[in-house]
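In what follows, a structure is listed as structure tokens, so that the remarks can point back to it.
Every chain is named by a letter (A, B, C, D and E) in the order it is written, and numbering of its residues begins at 1.
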Amino acid sequence: MSHVMPGLFGINFIQTLMEINGLKLITSNLDVLLLGALVTLELTALAVAFGMILGLIFGLAKLSPQRRLIYGIATFYIDFFRGTPLFVQILLLYFGILPMFGHVGDFSAAVIACSLNSGAYIAEIVRAGIQAIDKGQMEAGRSLGMTHGQTMWYIILPQAYKVVIPPLINEFIAMLKDTSLVSLIGVSELTLRGKLLYSVSYNAAWVWGTVAIIYFIMTKLLAMLGDYVERRLATE
Amino acid sequence: MIEVKNIHKNFGSLEVLKGVSCYIAPREVVCVIGPSGSGKSTLLRCVNQLEKVNSGQILIDGEDVTQSRVNIDRIREQVGMVFQHFNLFPHKTTLDNVTLAPIKIKGIPKEEAQENARNLLRKVGLLDKANVYPNQLSGGQKQRVAIARALAMQPKVMLFDEPTSALDPEMVGEVLEVMKDLAREGMTMMVVTHEMGFAREVGHRVLFMDEGKIMEEGSPEQIFDNPRNERTQSFLSKVL
Amino acid sequence: ADNQDQEKVLRVVTEAGFKPFEFKENNEFVGFDMDLIRAIAEAEGYKAEITHMGFESLIPALQSNKADCAIAGMSIDEERKKSVDFSTPYFNAGLIIAVQKDTEGIKSPDDLKGKRIAGQVGTIGADACNDIKKQDPNTTVKIFDSVGEAFMELEKGGIDAVINDYAVTYEYISTTGQGKTKIVGDVFSADDQYGIAVKKGNKQMLNVINDGLEKVKASGKYDEIYQKWIKQ
Amino acid sequence: MSHVMPGLFGINFIQTLMEINGLKLITSNLDVLLLGALVTLELTALAVAFGMILGLIFGLAKLSPQRRLIYGIATFYIDFFRGTPLFVQILLLYFGILPMFGHVGDFSAAVIACSLNSGAYIAEIVRAGIQAIDKGQMEAGRSLGMTHGQTMWYIILPQAYKVVIPPLINEFIAMLKDTSLVSLIGVSELTLRGKLLYSVSYNAAWVWGTVAIIYFIMTKLLAMLGDYVERRLATE
Amino acid sequence: MIEVKNIHKNFGSLEVLKGVSCYIAPREVVCVIGPSGSGKSTLLRCVNQLEKVNSGQILIDGEDVTQSRVNIDRIREQVGMVFQHFNLFPHKTTLDNVTLAPIKIKGIPKEEAQENARNLLRKVGLLDKANVYPNQLSGGQKQRVAIARALAMQPKVMLFDEPTSALDPEMVGEVLEVMKDLAREGMTMMVVTHEMGFAREVGHRVLFMDEGKIMEEGSPEQIFDNPRNERTQSFLSKVL
């Protein structure tokens, strides 16, 4: 590979692409990367699953400003995790906070950090989803004599879930990408595996290109799943 | 039955009800008319406490519902409400719309609730739509289901907030027909409406509201044929 | 950093998490390597402009012309020589094992088989970890961006040992790591030497560096820097 | 500081917080971190500014599916940059792609990467903003004899900008956090300065805690600005 | 003036217009009535090409506007349209709503355009609202501005799509009044409406549409007093 003529894009580009070493590098390490992609998916799924629980709790809390303490805690939680980079959250949690509670493994720590982060975003999704339901629904429920809680449970939430699912899938996609940051604490997911491959091959175009394509395929498939679900929900 | 005593209601700095008093006797049908923004909906919503009043009292069967220790959910069971935009539960079938509250609140067994619901749907002429979702119903059908839903709680009084004004003209008739039946059966009713024909035919008494006050009240004949207040006159001249 | 030379600029990349060789203090790059490269640059009539990058990105930065040379306590190693050229060696190094203060029974790399061990991405310490894992697949290897994170992981008990360059680990256990961690066993791969890397085939730059290094050694400046940073 | 009793959260926590070294570390390096925050802000502002240009172009392109080629390019651009981690985009661009075009400095590369990323998100914002305008507006414009372009320019865009500004501010906040990733290519912004401070002090709680707080303040101020603008727009 | 020849229009698999033909002579006022979903709006929207027809011809002043080489923007200048929901430009004042198209399309100087606009606003009785934004207008006022806006392009024909059905009953009159004036001045008009009184009083001819076809047409008297088609009969019996 030659970088003597950096200006000559075409030639360099073709040389880079044709480069047999790059191709070999990828084919002989694709299994390693794909296993990393599985770890990425697993981590994402866990984070979003726990995030949904957190999001439901804190999203509902954000809807009752009269309960000062709960509302305040929810506001702080949501604002903090939406207001700081996940990058920093992971390092702070893993090296700064979690050690105070004793030893927590890297994967568990990654799940905790990502869940907390995801929960904050999902809380906003839940809140917006509930608010998107016509106020008339709550009024109709209340006017029949149902309590706030009954109306929420039987009337609002069953409708809100349809509103919530599309942004939830977006959050899933966002989280899938964001898990790339747990490579910082040594979780062996796709990005860390890419980095390790890169650190021996120094072949940025091939390694990061391949990693990008794998992420792209995963997010594209998820987006397609999301579109399908959205269509199903729309026709229901 | 219902007694409203000098209620005031503000939204922020906007005073929407400026001392409204009225009563509705058992088996009476009271129609409320008046220009847009005059506070008709707000009055109705105060009666079943969807809005809290700032001052004044509202007695339902002698109980002051503005007192915060009153269990308002139990009160609302006895006051049915029908909204302009129907507010059916879109994720439930017609039948489930009607049975939901009786089952969940009154704890009536499902079969019994469904039996009652079918009777009510038959009454509003929609028994054949029992297993259909609201989005498959026309506006008029939706509103009839909404009436059945409110009746399922066996309320002592029914509030209607412009029940026909979101309907295509063809469908107004069928809803008014159901309401007339109800009135004939002796239901106590408070109806905000622009349908002057209905008010004249069915109403026992008509209240004219403007700017947060009841400006005039009387029998339909008196209000429509001999309005005394000049606001009433100008309003009616535009609408009739 | 982009503008081409009025004064000749030597674009240097480093991974500044490697005290005492390179680290940042008061937003300045300082340390043995930093003083050395500045001295070399000065001797050759250049002004050194230093930027930081992940260790795994240093060689790509040379290959993609983002820097003229890399100095980062980088060991001269056969694998890397395929991608870059190294200056004459400027420092004798070697790997050492660090463990928690109370850890017993670890004396050599062989004792690390089946243990949880860590190193920094792209370094020969990480290679050593991977070699151990090859001998015993039960070994858990964790790779961090910078060696500091590996030390933190050791402190909080997430791993059993860190394999890293002696001088850096020594600096750590005798400062922040004191009382919590210790060095065990002997230095291994003791023939290890640091060199300054340039893009493969960049003879001109390699000559500049080697020439400068010679001058700095001859003038006594090298010893001065050595005294300043390296404790024994 | 003692890590002997990892379970005793309270004691450790207080010890960590009281630790005079940590406080000293931060006070004596706060200026360095704050200067990094300025770099972060500058980078974010540039990225969002260029991103808005890209976003307008590609957002409009996404609204004309009949123009196949333009639509296809816009779709690919948006999907790729929204579908892969910025982490990977930065490394791929900086070490893999940009070198083919000659030398690009780290800050410029960071601006390019972040702008491209931001542009993809803003394109979606623009598209959604335009679609949020009542179809009747386009019809009214067309029925008066205005062309599609005239109606877009005089009628739709002046209304869409109000819809677009709130999510645009969110994108700004998101980008502010995402610039933490350009620390990977050596741009000396807040996160990199934190990382390097950390690598001499090994004091995760203090360093990352402080960095998180600085980010939090910046995003909070931006969010407040956003709320203010939103309120202004609402009353206009 | 306008000649619609056997047009068909599908939305996907749904055939909404199933061969509609009609004409409108110069200075004629044609009212279109019919139940919801019968295709009235679609017919109007095809006339000014907001929807493309699948087959058939539409001649305006002899020119076939369904031919794609026709410059449809120039045609639309000559066909004014008034929508049910007004579609005023909310970010522009009343005056700017009216002057925008003449200035941008016809290149009329701003002062002249404003002068014309003021005359039109005077005509619809809203000169005092010239510098007000649409959200400060009532529904009836909005619709009158929308009419002025369409007139500003000096169209040869005006299309109205249920111009009063989104209005509070009090405001219907003022809009119909403006439309009556227009008709009296000899404007060619095609009006989809539920206001049978207006159709009877102002319309020269009434078309009754159902299921994508014109089922019956004739003078207002003929349609309202002696409908022959049974669909027309049943529709009118519900509405009148």
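Following the convention adopted for this analysis, a contact is a pair of C-beta atoms (placed from the backbone, for glycine too) under 8 Å apart; a residue touches a chain by one contact, two chains touch by 3 or more.
It should be emphasised that the depicted structure is a prediction, and the values quoted were computed from it without experimental measurement.
Chains that touch both subunit A and subunit B are absent from this assembly. Touch-path distance (fewest steps) from subunit C to subunit E is 2. The interface holding more C-beta pairs in contact, when A-C is weighed against C-D, is C-D.
Look at the CA centroids: the one farthest from the centroid of subunit B belongs to C. The centroid of the Cα atoms in subunit B and the matching centroid in subunit D are 51 Å apart. One inter-chain figure worth recording: subunit B and subunit C are separated by 81 Å, centre to centre, where each centre is the mean of the chain's CA atoms.
Each chain gets one centre point, the mean of its Cα atoms, and the points for subunit C and subunit D are 33 Å apart.
Averaged Cα coordinates give subunit B a centre that lies 36 Å from the centre of subunit E. Multi-chain contact residues of subunit D (touching two or more other chains): 3, 6, 91, 94-95, 99, 103, 198, 204. Counting partners per residue, subunit E has no residue that reaches two or more other chains. The set of subunit C residues that touch two or more partner chains comprises 54, 60, 63-65, 152, 156-157.
Across the whole structure, chains are in contact as follows: A-B, A-C, A-D, B-E, C-D, D-E. By the touch rule above, subunit A contacts subunit B in their complex via residues 134, 136-137, 139-147, 150, 154-155, 158-159. The touching residues of subunit E, when paired with subunit D in their complex, are 48, 50, 73-74, 76-77, 79-81, 83, 85, 87-91, 100-101, 104-105, 146, 149-150, 153. Contacts from subunit B toward subunit E in the complex involve residues 35-36, 168-170, 173, 194, 235, 238-239. The residues of subunit A lying in touch with subunit C in their complex are 3, 6, 95, 99, 103, 105-106, 184-186, 192, 195-196, 198-200, 202, 204. For subunit D in complex with subunit A, the residues that touch the partner chain are 3, 6-7, 9, 12-13, 16, 79-80, 82-89, 91-92, 94-97, 99-103, 173, 177-178, 180-181, 191, 194, 198, 204-206, 208-209, 211-212, 215-216, 219-220, 223.
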